[in-house]
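Two complexes come next, and they have one chain in common, chain A, joined by chain B in the first and chain C in the second.
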Partner chain A sequence: MSTLSEPSTELILAAVREAVVTVVPEVAPELVAPGRTLTELGCNSIDRAEIVTIAMERLRITVPIGDFAEVGDIASLVDVLHRHHP
Partner chain B sequence: MAYGIDALNIYAGVAHITVADLFAGRELDPSRLANLAMREKSVGLPVEDSVTNAVNAARPILEALSPADRESIELLVTATESGVDLSKTVASYVHRYLELPRNCRVFETKQACYAATGAVQLATGYLASQASPGAKALVIATDVALVDERAQYAEPATGHGAVAILLGEDPDILAVDHGAFGCYSHEVLDSARPTPTFDIADVDTSLFTYLDGLAASYDDYCDRVAEVDFTTTFGHLAFHTPFAGLVRAAHRKLMRERTRTPADKIDADFDDRVAPSLIYPASTGNLCSGSVYLALASLLDHVDISAPTRVGLYSYGSGCSAEFFSGLVTPRSVRRMAEFEVGRRLRERTRLDYDEYLQLLSSARTVLEPRADHIVDVEPYRHLFTHRRSPFLAYTGSRHHHRQYRWY
Partner chain C sequence: MCSIAADPDEFATALRVGHSGIGDRAGYHGQTSRAAADLTDFDFGTALADLSPPPDLHRAAVRLVGRAPLSLRASTVVALQAWRSAGLWEEPVVGERVGVIVAGHNLTAAHTDAVRPRYLDNPRYLPATYARHGLDTDHIGTISQLLGIHGEGFTVGAASASGNLALINGIRLIGLGVVDVCLVIGALTDLSDLERQGYYNLGAMAEQSGIGPFDTARAGFVPGQGAACLVLESTASAKRRGRAASARLIGYGTRLDGNAATDPDVTGEAAVMASALLDAGITADRIGYVNAHGTGSDLGDRTELAALERVWTGHSGRPLLNSTKGLTGHCLCAAGVVEAVAVIVQLRDGFAHGNAGLRTPMATGFRLPTTATMMDVEYALSNGFGFGGFNTSLVFHRTNG
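Take a look at the complex of A and B:
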């Protein structure tokens, strides 16, 4: 299981959690955790795209789309967003 | 003086398969049907290519013009990702079979599903420049589908056909808002057609770039145009429609992020401003760069326009280039659109069962493959198009790489 090493990643995870709950309100926020995947939480391909764009908007960052190629679970999504967060 | 779309016609093939039949045949997960929000997919014949689709879409527009108006078409642009040669354009064949004037600029644009909008914007700007007063331009978005079972859920969403767009001054269909546009482009490989026989696509990347491009191009539009409010500036919306379900997500995204609309009001706004634009796209599949104009045609054929109304349009092409722009429609737009009877012609397509679809697909998928000398036997398909009320141009093969066509 992946781990989150820096405190500021909590802020990123909170943005992802907020984006997930916005797009898929039936998901309990506590289930949006580093070891899970968005697919496991019931997100389809459109949901996943919406979640990523909403998280970027809320964090006010732009991430090159190619960087998401390495994303597998929520921890790796948070890692990619964190790299571009000031 | 206003400039923009004076006539708009759709050709979406003569055959279709229901998306439910295709899902069953391919054993796709039926729970994903709702997400796709598609009903039917237009299916191409082995005698149809990007040239025949373009000509079959544009001919009804030209037949309705006076000889003087036909002579005023000084620009022909085909927008396609289904080119038939790396040098010779689809437009050159289209120019011949539409018998357009010889003092006409003829060329082709390519930028996946955005190409037609690039051509429409440049042509409208050219007409507005008054470099040639009274001139008209014909832009035709035309494509064929190459997808098979390898495309999985993209197969039911991929259509076949063309959209012909006649541009001129004092236009009947859509007066393009001069200077009101927003663009967003960057390099990405979300989908592509590396050879004439197959497509590649990264679904997650493509959905992301479509949604991201919408927000970014809309923001650029807002930077150029004063006092834009997504909920009140546009009476209706027509978006590029890779599949109808994605447009619902796109609308929801802008409503959430650019307006203060309560969540429970977003669906009602979608039903009012967007859903009428999806009726035709949901029964043809994605027509590539013609898709946003198919959505506009659907809108005009399914809403009551009693006063000038601003329509917001979103065009997106993989690779990628995105543009949000707008224009005015009026009651005259609805009357002019109705003349082309798009709904009737979609209903007249022959419904294929899954086995018939598979038989057509194996030949139709190779229609862009370059062959020096080749004969296409038209007879097995004649029953599918000879009952049409208007003439039908068919692809009959090639001689020394010169593609051959014949009217029926």
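Take a look at the complex of A and C:
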């Protein structure tokens, strides 16, 4: 695994932010930060699943659905995405 | 809303002047026929803003529907138009006494085609919303959430007769006392490429625009994009709310031919019109205007004219007859509701719109105007027939409200 091909956490957070803003347009982008949860930003279960799908697509990675079971906040979401890339 | 109007007032004007939304559209790649009456310049955000909904509802609608498939966006706009026009924000009815019925099925095929490339790229990239937007019932879930509807709701499937059959089911729910108010939405049928081509390969769809229903040279239907909503209400509920009806639905007939093929049946069509009249308690001579199913199908138009003749046998005089599909195209699942709106505005405004694209009319005793004709009519009939042997007919009574 070369560090050159490994997406940085900033890049992943940016992809998540883009996904959140697409699904929940009224959320201010700066609120998509590690300390917050998607739920507090107004997301229901379909929204959260859609955000994950859009972020994976942007990052060109695939993560099995089960890996998101432990995710509680945006920081852990970024972490799970960071751990999986082709 | 449809190819010729964004709301009922525009629709009444468009019908009167004979403005047709049918054209040969670019962009149907690989398709044999490009004739269509598509929506032009529809923007959900603008249409929503034009309705000036309460702020909470406005926000909720943008959130729930802003990125939804076209059909759901259209259903939402017409549902809000109707809700506002029925004064349900000012004089509400408790949610448990309100129902919503959506006329339509196979509404999601175009959406499926739109998301398929993402799925093929990687199955995990299929949007999670497919579980919601991939179902016709998304219309029921969404509209009921936006408008706080807690009575009964369901979709009605009857192919091109879905609109009328949905209205019939709304009448039944109210008649049974299950609800006092029922929204009936004709859902915009956004055809996928396969569906469009399928109709063409069957010989049902016109190759080009220009020839209208009931013309001797007719060669099939032109698909139209349209959605409409009627608020049905019991007399007692409307009286409590101090609201006048734009028309009354006083009778209906519905019947199956017992036929899986796509051909119509003159006996079934005549029988269902006769049942509707019987149900309404009037004889054929009281009907001054008929809104035909009139798709422009060779066999379909011929069968309907023959059935109409059977129903009017023994009566002197024949009512005015037109097909709204000549102007709006065939709105498929939504047709019956779009055409119900057409009947209501024509009864109210005292005119029968012209039959568009009619150069050489088929021989019939019924009066087929080519331009808008004044009429002072109390009772009208509206037909809807569908593949799978569906026959439906509704009787409307003009009110002076």
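In this section, the second predicted complex is superposed on the first by the 78 of 86 C-alpha atoms of A that agree within 3 Å, B and C clash if a C-alpha of one lies under 4 Å from a C-alpha of the other, contacts with A are read in each partner's own complex, and residues count from 1 in each chain.
Here, a residue touches a chain if its C-beta (ideal position, glycine included) is under 8 Å from a C-beta of that chain, and two chains touch if they have at least 3 such contacts.
Because the structure is predicted, anything quoted here is derived from the model rather than measured.
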Which superposed partner A:Asn44 touches (first chain B, second chain C, both, neither): first
Partner chain(s) touched by A:Val52 [first = chain B, second = chain C, both, neither]: both
Which superposed partner A:Phe68 touches (first chain B, second chain C, both, neither): first
Intersection of the chain A residues that touch chain B with those that touch chain C: 22, 46, 49-50, 52-54, 56-57
Footprint of chain A on chain C - complex, ascending: 59, 62-63, 66-67, 118, 121-122, 124-129, 131-132
Touching residues on chain A, where the partner in the complex is chain C: 22-26, 46, 49-50, 52-54, 56-57, 62-63
For the chain A and chain B complex, residues of the former touching the latter: 22, 44-46, 48-50, 52-54, 56-57, 65-66, 68-69
Chain A contact footprint on chain B (complex, rising order): 32, 35, 188, 190, 203-205, 207-212, 215, 245-246, 249, 252-253, 256-257
